[in-house]
Amino acid sequence: MGRIGRVYAENLAHYVPAANLVAVADTRADVAQSFASEHCVSKWYENHHDLLSDKDIVAVAVATPTSTHEQVVTEAANAGKAIFCEKPISLSIEEAEQMLAAVRRAGVFLQMGFQRRFDSGYLDAKRKVDAGVIGRPVLITLTSRDPFAPPLEFCDPKISGGLIIDLGIHDFDLARMFVGEVSSVYATGAALAYPEMKSVGDIDNAVVNLVFENGSLGLVQLSRNAVFGYDIRTEIWGTKGSLQIGYFRHTPVLVMTKEGITHDVVPHFIERFATAYLNQIQNFVENVLTGSAPSVTGADALAALRISVAATDSVRDKKPVAVHCKPRQDGTE
Amino acid sequence: MGRIGRVYAENLAHYVPAANLVAVADTRADVAQSFASEHCVSKWYENHHDLLSDKDIVAVAVATPTSTHEQVVTEAANAGKAIFCEKPISLSIEEAEQMLAAVRRAGVFLQMGFQRRFDSGYLDAKRKVDAGVIGRPVLITLTSRDPFAPPLEFCDPKISGGLIIDLGIHDFDLARMFVGEVSSVYATGAALAYPEMKSVGDIDNAVVNLVFENGSLGLVQLSRNAVFGYDIRTEIWGTKGSLQIGYFRHTPVLVMTKEGITHDVVPHFIERFATAYLNQIQNFVENVLTGSAPSVTGADALAALRISVAATDSVRDKKPVAVHCKPRQDGTE
Amino acid sequence: MGRIGRVYAENLAHYVPAANLVAVADTRADVAQSFASEHCVSKWYENHHDLLSDKDIVAVAVATPTSTHEQVVTEAANAGKAIFCEKPISLSIEEAEQMLAAVRRAGVFLQMGFQRRFDSGYLDAKRKVDAGVIGRPVLITLTSRDPFAPPLEFCDPKISGGLIIDLGIHDFDLARMFVGEVSSVYATGAALAYPEMKSVGDIDNAVVNLVFENGSLGLVQLSRNAVFGYDIRTEIWGTKGSLQIGYFRHTPVLVMTKEGITHDVVPHFIERFATAYLNQIQNFVENVLTGSAPSVTGADALAALRISVAATDSVRDKKPVAVHCKPRQDGTE
Amino acid sequence: MGRIGRVYAENLAHYVPAANLVAVADTRADVAQSFASEHCVSKWYENHHDLLSDKDIVAVAVATPTSTHEQVVTEAANAGKAIFCEKPISLSIEEAEQMLAAVRRAGVFLQMGFQRRFDSGYLDAKRKVDAGVIGRPVLITLTSRDPFAPPLEFCDPKISGGLIIDLGIHDFDLARMFVGEVSSVYATGAALAYPEMKSVGDIDNAVVNLVFENGSLGLVQLSRNAVFGYDIRTEIWGTKGSLQIGYFRHTPVLVMTKEGITHDVVPHFIERFATAYLNQIQNFVENVLTGSAPSVTGADALAALRISVAATDSVRDKKPVAVHCKPRQDGTE
């Protein structure tokens, strides 16, 4: 029941008519209890084991700390639940592979969380690219800038994976969605705006070059110092045209004074992607109810993680790193 | 259960946790029944009399044709219900005054629907004006352009009140909210893009000048031929700065081809004001539950109607028309 | 050699290869002399009589105070010079008619200054309207906002004609260029941001409704308190689409800080229309050299003046005023 | 007297009052002669030797093919002329060093052409960065996209240096101006939109990562397939804010139809930088006349070339490449 867990829980409680939120769980019993009471959720649990044993529950949304994903998802799979899991799947490729193996063995439904895919802007752009509006994409540039850094303890790469995994994994996922598999990366990065990050081994700015298997080029910019707001932009450059997906303005208000013309900017991801988060969890519920395939697979999550890890390695090793994203032959991953 | 009635009913059924949607009514029994069944509403009625007799119901949202507002609202007031009524309150000033008198006599709660007041852009602008960001407003310009005309039968001024009442009443309401009471209007208008409107006596374009009691100036543009989309803009010009409230883009996507750079536009009011409609009905429910004063009063609705009628007369008579918006001494209107 | 006179003189001295600037004149001899010496102009005069007697001169640009236009233009016509005259032609319709009669009698070339017609934005918009891109125009809205008021002594309507003539005449000219002749106007206006203007009888904000002979509608907003910069915008609404001509940004630079995203605005007309002023005087020179018809005629100037005077009367009389813009039968006006 | 040579010649002939254009030279005698006659230039030459022997000439602007720069600039230096030389200084670092040595030996004035430095947007951004508006820059991203590829014969890296030198050198120059010296680069690139470029060994898209000596990061995107127009943008990200320098619109006109809202884009560099080219050559003339230091030095040109060559090598070698930009101790380079 952290920040993003509450978003899913509130959406499921009130805004997904087809879903019935049976229970919530948090290791902080008071948090779970007060949420349940406030939102008319009939049950609450202090740990995920009890929740996963609840026979009334057919599907779960996992928004626990990333380090616990492997344990929770594996247990949920063994309990036969349909699973929605927030990004990143894991900080470790090996652990992620084990999770996906557990899901396959159990034969349960797993859909991964990458909410940008459910944003109206990205949905519209995807339709236009698929319709050939810009011809064949040859270059994609993706930008993710947070308005400020997380608290230092959350920046620790052992917790967050570091800037490139924590923030960039969204862009790597979009890059794959729009252009295809990545074959190699090169990245530079440093702690420039928050020098104190060096103490935990994290960085606050990074630039990642991508080369795709089809020969196209890509580029990801990541930063924690967009002091004016949350800056998420993507440009896709094709042989016949280009698309720019942006979102600088929050309220549609311009203030015009002697200092110039000013508008505000969407403050952070909760506001920017509020509708996308709702669309995403609605889509998960719908897919479970209709027996459809997951919209974002475990293999998607693993591929984005592989790119993230390779880019993180590249910053450390100061050289290009190959990415191996071979999908499994049986198509299940 | 017309277009806007469904918006309120769906919001109340699913997205206003504090409300319990007890029943819906429509003279088309099948429409009421199928909505109730689809949205898990326990009761449905074929007429408003039966619904208003239902003792389980404490508050009603009236979204019937404008011509029936007087009858339904008066009956609801007599039945002791808290009332939300969609704009315009009526097409007739006399009828509106009778409705407000009935509400006063019954002592019930009445809140009028002007959803733009609940839009984040207008809310933000109001806060900034009140905070003195632009000094004292001296001119307000308001624009409402529909992407296309309603079917000819709905344009008939006997049904819709005509362009100025039907569309402009929102702008007159905003003008009052931002600047104050209007003392006179002058308007020009004609059927220019849809000449067939002349057959029913309506117009498709109008320009209305406002003079406020405090001496400030105003300006309203109304049109049915913004073929590119729904165009709602307001500019407020003050002694120290200005505000522009606009909303041309729907998805944050630019398409860049040899033909130029193109973006789409929000198609119509349902999309533009989806969140505002939800905010508005939530606000009504909250006000009723907490015993607060209505956010938009019957007097507000009557004042906007008076400006609309005066502007309509001005087009016909080709001369300025005075507006009398004196609030009642007892403050109840 | 006032502000705008210097613009023309410098353009003619350096940036119109086909012209040879023979002489300048100013009643302030030192001003004329120092400009001539600084810009390598061979002769300078202390009054227009001597300049107009100079046989080396074939064409003159008149940028004297409006009150002297009638005397200078008439004398220039009698001296057989080709004449460029800055707007407004005069503050008096009668005087303007006498000037045009003098020009006709003398058979000389007269081109009037309305520099917006030579701006790339307006030129492009005109081409698009003529090409049918937006169908038939049914409404035009024009905005002129100065960043601050002129010194009080220049606001005196006896000197400037008042806000509507001084500033609005550009918009009335554009309205005619895009839509056609105006048949009636209604205007409201007041001294709202600069109350001290009342002492000289001027206003600082005005709204003017236009009705065109072809039934289309128009709208002009005029203001002296756009404190953020110079705000010149035009929107043309047609049956198949619309055009917006704007120009809020000066340098293409966005500043993004915690206060929001800010850009500056073009400060005033000299910067906004620098290229248009050059294009305009080049066009005059070219027309004179090639024997072409004037791009902006005396009749254009007179028509814009007639609309301006009618709108000024409308503010005073608080009623609509008819405009008579009949072109002369012989087509010379 | 190629495309850019004519721009300088016309500016010098007409728009730089302090300069007197004495002569032009082109190996195509008819081209030189007709330009001279059309623009009232008193002399013309068929080769640069004769022009450089002309004792009336004190300064020359060199806009010959890059492969001839070394010969022409060295000869001009030996003839004691003040020299303006268009970018790139050379395709070879060794040759460029020899040119600068020749200029030093001759003790003549040399100013290099990088016109973006003279654009109002970049000038304004530089002032703001220097004034600390955005704090300390930590990341700079620069974009140059041409609307189409040059003819294949001009793409040959032996002629143009290839995409990265030909187009990117401007961005490397700006990167140095805003952030400082570059210590290493990594680049990817390919012929993606124009596969025929492979036949001459050129590429049409490239992404270049920069690491600066002060630890900041940079990023350059280069492309030949911005089919909608000329796309030149720079973003500078600082500890306290950011700047975006862009320029998508050419005429300030929006076309609003059922297809959406569309505006055009500046077509190419001649239009985008017309004023900057004029400012630049005026600045050169002024510096020569006042004995000021060059605004853009030979050392600047050499540094930008070194980055360009390193990035080109990086594409070929698929690894990061160090850049050595040590300025000479005597400060003359």
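Couple of notes before you dig in:
Letters A, B, C and D name the chains as they come in the text, with residue numbers starting at 1 for each one.
Following the convention adopted for this analysis, a residue touches a chain if its C-beta (ideal position, glycine included) is under 8 Å from a C-beta of that chain, and two chains touch if they have at least 3 such contacts.
Just so you know, these numbers come straight off a predicted model, no measurement behind them.
More C-beta pairs touch across one of C-D and B-D than the other; that pair is C-D. Chain D has its Cα centroid 40 Å from the Cα centroid of chain C. Inter-chain centre distance (chain B to chain D, centres taken as mean C-alpha positions): 57 Å. In chain D, 226-228, 240-242, 255-258 are the positions where the chain touches two or more neighbouring chains simultaneously. Taken as a graph of touching chains, this assembly is fully connected, with contact between every pair of chains. Put simply, chain B touches chain C in their complex at residues 138-139, 141, 145, 186-190, 192-193, 204-207, 209, 211, 215-219, 221, 223, 225-228, 237-242, 318-320.
The touching residues of chain B, when paired with chain A in their complex, are 14-15, 17, 39-40, 120-121, 124-125, 128, 133-134, 240-247, 250-258.
By the touch criterion stated above, chain C contacts chain A in their complex at residues 226-229, 248, 255-265.
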